[in-house]
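Sharing a structure, written as structure tokens. Questions coming.
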Amino acid sequence: MSPEEKLKELGITLSDAPKPLGSYVPCVQTGNLLFLSGMLPLKDGKLIRTGKLGESVSIKEAQEDARQCVINALSVLKSHLGNLDKIKRCVKLNGYVASAPDFTEQPKVLNAASDLLFEIFGEAGRHARAAVGVYVLPLNSPVEIDFIFETV
Amino acid sequence: MSPEEKLKELGITLSDAPKPLGSYVPCVQTGNLLFLSGMLPLKDGKLIRTGKLGESVSIKEAQEDARQCVINALSVLKSHLGNLDKIKRCVKLNGYVASAPDFTEQPKVLNAASDLLFEIFGEAGRHARAAVGVYVLPLNSPVEIDFIFETV
Amino acid sequence: MSPEEKLKELGITLSDAPKPLGSYVPCVQTGNLLFLSGMLPLKDGKLIRTGKLGESVSIKEAQEDARQCVINALSVLKSHLGNLDKIKRCVKLNGYVASAPDFTEQPKVLNAASDLLFEIFGEAGRHARAAVGVYVLPLNSPVEIDFIFETV
């Protein structure tokens, strides 16, 4: 099953790529590497929620946020490449989780993003990953993820 | 207008590339990608200021810091490449902003860096970007930015 | 002296590559770039210690942690490449140091990682580096480092 078919099966619709919050672009291609900007869990132009893990945001909620970051990344890729079938591999993901000082389960939050990439792309969705807990994110978002993909 | 001419027009003089704060190098080239170390807003060997956004540092001040990080990156590139005209593209920028817990305008700070790159390089200065608010930076710097550039 | 011989001389034994804390992989190769996941200072499957710099963890302790992150990265590379002699260069290192609000010596912590890479690989071990102080890391680790290497 192609990534596009898999998305359909999962009931995920890609919308317009989210607009950057400044004078940069969502994606730059160099050779066959695609560097994506940090994706926030924006849906219809608004964050799904605000706040931090270990405070007002639960792991389950942040997992939904992490999935939305992936969906937004795929929207960016679709808009850049025309078709997700041109993706050869997800290479790297840096996940930033806005965290209270004693919240140490950043990997659990980001697994929702990693799992979704595996569901959609299979083995080609397996990536290297760094997970860190940060103090505060743009717009008070609970999660931000940036990505490196490889095209065919 | 070439990047070098543009810098002259903007009244920006590149000085010696800032010395690393340890046993690493300011820039590594692999293929035609240039990975730069995290740049601090050092000027004549000293931080322009210390502190955090949402506390002692204003957005306007931090924007000056962000511009200085770009100027330092260009000094590193000039020292590595000999001439900024050899830059094909700015690929990616990771901006770390030392932030008080309720400061969420990291993108506004980093726009000063993004705008300056666009001013100097035009469309080739447009990059992907991730912006995060971190707890504390080396030397108590308000801003740190690392960069990936592509050469011709 | 080859990297493998140098490790022997330093009395460093590579063990099995640490298992990812989720649905990602320790290393992805694209072209001749190797993107490694964020390495934690795990030893025999457990963190050497937990806590933050400027609180319960000293710079000297965190330097040991940073070295362990490098050793784990080399274990991952050895498992991926078969032999460390296939490494052409260490390209980039992002170091995240869990920090109290007034701890600003992240570079000193990460120098232990940079120095070890230089000891093992010589000039090929010199890399670009970004160092940031973050709020909290997975498992309450004091240090996390991710890496980009280049193969021959």
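The chains carry the letters A, B and C, assigned in the order they are written, with residues numbered from 1 in each.
Definition applied: a contact is a pair of C-beta atoms (placed from the backbone, for glycine too) under 8 Å apart; a residue touches a chain by one contact, two chains touch by 3 or more.
All values derive from a computational prediction rather than experimental measurement.
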Note to self: As a multiple of 5 degrees, what angle does the CA superposition of subunit B onto its copy subunit C give?
What the structure shows: 120
Notebook entry, point to check: For the homomeric pair subunit A and subunit C, should the interface be classed as same or different, according to whether the shared residue numbers exceed half of all numbers used?
Noted result: different
Next item on the list: Express in whole angstrom the distance between the two chain centres, defined as the mean CA positions of subunit A and subunit C.
Entry: 25
Note to self: Can you pull out the residues of subunit B that are in contact with at least two other chains?
What the structure shows: 31, 94, 134-135
Check: Where on subunit A is subunit B touching in the complex?
Finding: 20-28, 30-31, 35-38, 94, 96, 134-140, 144, 146
Notebook entry, point to check: Quick one: in the complex, what on subunit B touches subunit A?
Noted result: 31-33, 89, 91-94, 99-108, 110-111, 114-115, 118, 126-135, 148, 150
